[in-house]
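Letters A, B, C and D mark the chains in the order given here, with residues in each chain numbered from 1 onward.
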Amino acid sequence: MLEAILQQRYYITAVLLFTIGFVTLFLHPNLLKKIIGLNLMDTAVFLFLAAMGYVEGGVAPMLEEGQEWTAYINPVPGGLVLTGIVVAVSTTALFLALTQRLYRRYHSLNLDEILILARSGEEKH
Amino acid sequence: MKDNPQWLERVIQWAAGQEQEGPEGPEDPERQEFQEYLEYIDAHGYMEFGAYRYMRRRERAALGLDAVTEAIHNPPHQPNPPKPQHRPRRRPGLLRRQLWVYRVLSVGVALCLAVIFTAVALSLPGFGETDVPALNEVAQRYLERGMEETGAVNAVTGLILEYRAFDTFGESAVLFAAAVSTALLLNAPGRRLRNYRGPDPVLSTLGRSLLPVILLFGVYVVVNGHLSPGGGFSGGAVLGAGLILASLVLGEEEMDRLLPQRTMSRATTLALLAYGLMKGYSFFTGANHLGGEIPKGTPGAILSGGLILPLNLCVGVIVACTMYTFYTLFLSREE
Amino acid sequence: MIVLEVLLLAVLICCALATVLGRGLVSSVILFMSYSAVMSIIWFLLQSPDLAVTEAAVGAGVTSLLFFLTLRGIRGRKRRGEDEG
Amino acid sequence: MENIPFFSIMLPILSAVVIPFFSKGTWAFQWIRGVQLAVAAASAALLAFLCRAGTYVTYQLGHVPAPWGNQLRAGPLEAVLALSFSLVMVLCLTGGWSDLKRDMPAHRLGSFCLLMQLLYAALLAIVYTDDLFTAYVFVEILAVTACVAVAAKESGRSVVSAIRYLIFSCLGSGLILLGIALLYSITGHLLFSGLGETVAELQASGAYQLPLVVSALLMTLGLSVKSAQVPFHAWLPDAHASATTAASGVLSGLVLKGYLVILMKLMTRVFGRELMVSSHLCDLMFFLGLGGMLFASVSALRQEEVKRMIAYSSSAQISYIFLALGLGSTYGMTAACFQILAHAFTKPMIFLGAGAMIAETGGHYWGELRGAARKMPMGGLTFTVGGLSLCGIPLLAGFSAKFCLAGAALQAGWQMTPALFGLAASSVLNAMYYIPAILVIWGRHGSDTSPIRFTRPAHPQRAAALALLLAANLLLGTAFGPIRTLLEQGVALF
């Protein structure tokens, strides 16, 4: 059991980080913490992917003539992660912009409080 | 966690239908209201639900029944920890309990997910092994024939700009969409930049000496994307960070004069357009077998890799401009 | 080597937990920065220098900067609000 | 002909990118509408071609063939979806333009058009793509643009709903991304075709069953969070109710459907129906759908605000699709597609009709909307027809979709009784909230005895859009047979 855990250490760390991020994004009332949770969740998946591409003894895929293909790590997860990182930054920026807008209006970062404030002002559109 | 037994006791009592008298007991005003509401519905029939009820709003207001329905329409089902002054109808006891449920819920969800995911992680192909399913003919071709097919030494760059270029195009579009939406959300017409307070001597000296290095490094990473680690994204991010540093060192007004917002958005648009046209050409000729391939050059030379170098430049411009745009938008505020 | 890896992974989890559970927002963001830095080191160990460079520039650089700018805007507003009150 | 899918994705994106060069919002609006109409025409041509040929086409993106490069895939079903999405998009924007100009400052209209065009491009890309990760990237574009479409209206409430929408969207994306990562780690493919083969092999050999099922579960859950299936629908009513009319129509008519298209692709091309049935994921979807149909309808009963009620009704209609997919049969798939089409044309119509009445009377609540249809007969008529269609009155689109679904349920095993019961109960519930609403809007206001005004409409474009949506609804209702045959052909080639 312990050996298996040690063997799969990257995967286990990744899923634990995913869980932490997911629960934070889902349940933490503070908006900034939620955004951090979102980033934790995304980077956890990226860690998972990066670990999956790794091959014992492989080197980074800077191709050289006459080298066996098994000498490199798998480049596909790397490509996916690069794409994913930029997507995550875009979402984070949008999220932060919305947070700033909300703060300007309600002077709070606590989503529950904002919801109550918004609901009490709901009658007037 | 100290009040666990008490909480458990309450649940048992609640389940047995014999809830305690006292602060949580039957004199709960919300419960009273709910009872009244139920009786009201009983008396007026089911049509009182839905739209019909709101036709008779005035009538109900005259009877003083609106306050009751209000309580039902904002039911306390959401585990909110609000400040009492916003909702005086809530009592602190209930709130504390809800907060507690909230925490238990988060820990419970976290534990469940962690257990499931760990089980999955343990049953996955072993880390670092060479016979995993992901190392199949797809990865093999990328590594074996990547150099001749893309002309790029860096297989990852070749992958994202040649084999899977459509994703990359979509992803630039995400970045563009995010920049436009951030501008739409934060860019009020009457905004003004933060007042420049004069450069901090330490920051200014350090920044002035670091700035050229960072910008040069960013350009290097972008231009050498097909030869060494890095590429449009990493280089663009470094360049963006450099521009932000420049803005810190030189001051926003100076920066606004050198690189106005309009130039930035024009540059992003043009770069994305160029990217789309180049890649569109390559997709179109590839799909219709029209030939028309861009010469790949000698792998390893700076002018090699066909379209990869210009594509990297475009991506670099998009990323750098967008990052800097984010920065200026977050800095500005409407007064 | 494996000890170093496990150590880094443990630091990663600790950083994540501290980021989430900590009270101050500024300290959370700083912890998030260090989380990104550790992540970038791990990716370097995993032979993905492309990712390491990008994460260092994006995660530890730009994202954290955006967090700080948001915090700054919020705190500036708070201070002004107090002055008015 | 094979180039149409590619150009119908590329053109909208490129046309969106050049919008910042337009100085006026109206020009941008005409421009994106023109592109959308062109794409609609091209999709119709593609549909005709594919139906006559009875086949599907693949489009290789770049110089490298399929397992290595990326590709698009278009069959009759994709063409139908692209065509109807384009039409609904054009009609929504046309009908909502007057509201849009009122709800938004003029300098934002251009940006709004840009985002709408990107949203449209993302929808088409999701419809045509044959690659899982490409689908994820375009799902993110959809999420970002849809969220800003909610927030673009200047009000605190819309920003609050937008942020809740974004939170749920991000949760869903996270689950989907983890699912993709797990699936990639056990298969090594990202194209749907390669994934499907490898998953079949894995299933035959019995290896990696747990990651396979968990990945399917994660993606199903993620997509149901994004498409507001009932236990995860908390964000939907606020987001749809507080957005501007055009955005509400697009969000409930199209964006939710985009996610369901991916779910359908996953079910047929990747996991296969056997795996979905044997791992009880179909049962999960079935019960989610059944619960959603009833719960969302009951919630809709209690809404006092017209747009919120319509939004809850959207959630109920999405549940029909989940129920149909949960039957796990070809008939269920056809029924789901029919429901997608019917709802895509009906819900924007209801939103636009309600928006027209709200614009006329200025009230958002039922009490304020009393007699609104008498002042705005076109809006009232479309609201009425849409409501009746969702209640299942024959000759309207909603009835045909329900009929199709009932037919699928009759072919199923144990699901038959609960499905038919749910269908009947939710139809009754639909009638319980739509019919009083219709009575309210056509009712007389106090002692007001003035007759219904049939004047020249103030916004001829909106009236035209409403009339076209009405015609489409009637067409879907009456031309039931041919459309079902078309969809069956499409599902067979999906």
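What we mean here is this: contacts are C-beta pairs under 8 Å (C-beta built on N, C-alpha and C of every residue); 3 or more make two chains touch, one makes a residue touch a chain.
As the structure is a computational prediction, the values presented were derived from the model and not from experiment.
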Innermost chain, where centres are averages of C-alpha coordinates: B
Comparison of A-B and B-C by number of C-beta pairs in contact, larger one: A-B
Rounded Å distance between subunit A and subunit B, as computed from the means of their C-alpha atoms: 9
Length of the line joining the C-alpha centres of subunit B and subunit C, rounded to whole Å: 15
Mean-CA-position distance for subunit D and subunit A (Å): 27
Chain centre separation in whole Å, for subunit D relative to subunit B (CA means): 23
Contacts with 2+ other chains: residues of subunit B: 117, 120, 124, 132, 134-135, 138-139, 142, 154, 156, 164, 167, 171, 174, 177-178, 181, 185, 229, 231, 233, 326, 330, 333
Sequence positions of subunit A contacting 2 or more other chains: 9-10, 16, 18, 20-22, 26, 28, 51-54, 60, 76-78, 82-83, 85-87, 89-91, 93-94, 96, 98-101, 104, 115
Residue list for subunit D, restricted to those that touch at least two other chains: 133, 137, 140, 144, 147-148, 151, 184-185
Pairwise chain contacts, counting only pairs that touch as defined: A-B, A-C, A-D, B-C, B-D
Contact footprint of subunit C on subunit A as seen in their complex: 6, 9-10, 13, 16-17, 20-21, 24, 28, 30, 32-33, 35-37, 39-40, 43, 46-47, 50-51, 53-54, 58-60, 73, 78, 81-82, 85-86, 89, 92-93, 96, 99-100, 103-104, 107, 109
Touch list for subunit B against partner subunit A, complex: 74, 78, 80-83, 86-87, 102, 105-106, 109-110, 113-114, 117-118, 120-122, 124, 126-130, 132, 134-135, 138-140, 142-144, 146-147, 153-156, 159-160, 164, 167-168, 171-172, 174-175, 177-179, 181-182, 185-186, 228-229, 231, 233, 299, 319, 326, 329-330, 333-334
Interface residues, subunit B side, partner subunit C - complex: 154, 156-157, 221, 229-231, 233-234, 237-238, 240-241, 244, 323, 326-327, 330-331, 333
Subunit D - residues contacting subunit B, complex: 2-3, 6, 10, 13-14, 17-18, 20-21, 59-64, 67-70, 105, 107-108, 111-112, 114-115, 118, 121-122, 125, 131, 133-134, 137-138, 140-141, 144-145, 147-148, 151-152, 182, 184-189, 194, 198, 208, 210-211, 214, 301-302, 304, 309, 365-367, 370, 432-433, 436-437, 439-440, 443
Subunit B contact footprint on subunit C (complex, rising order): 48-50, 52-54, 57-58, 61-62, 65-66, 69-70, 73, 76
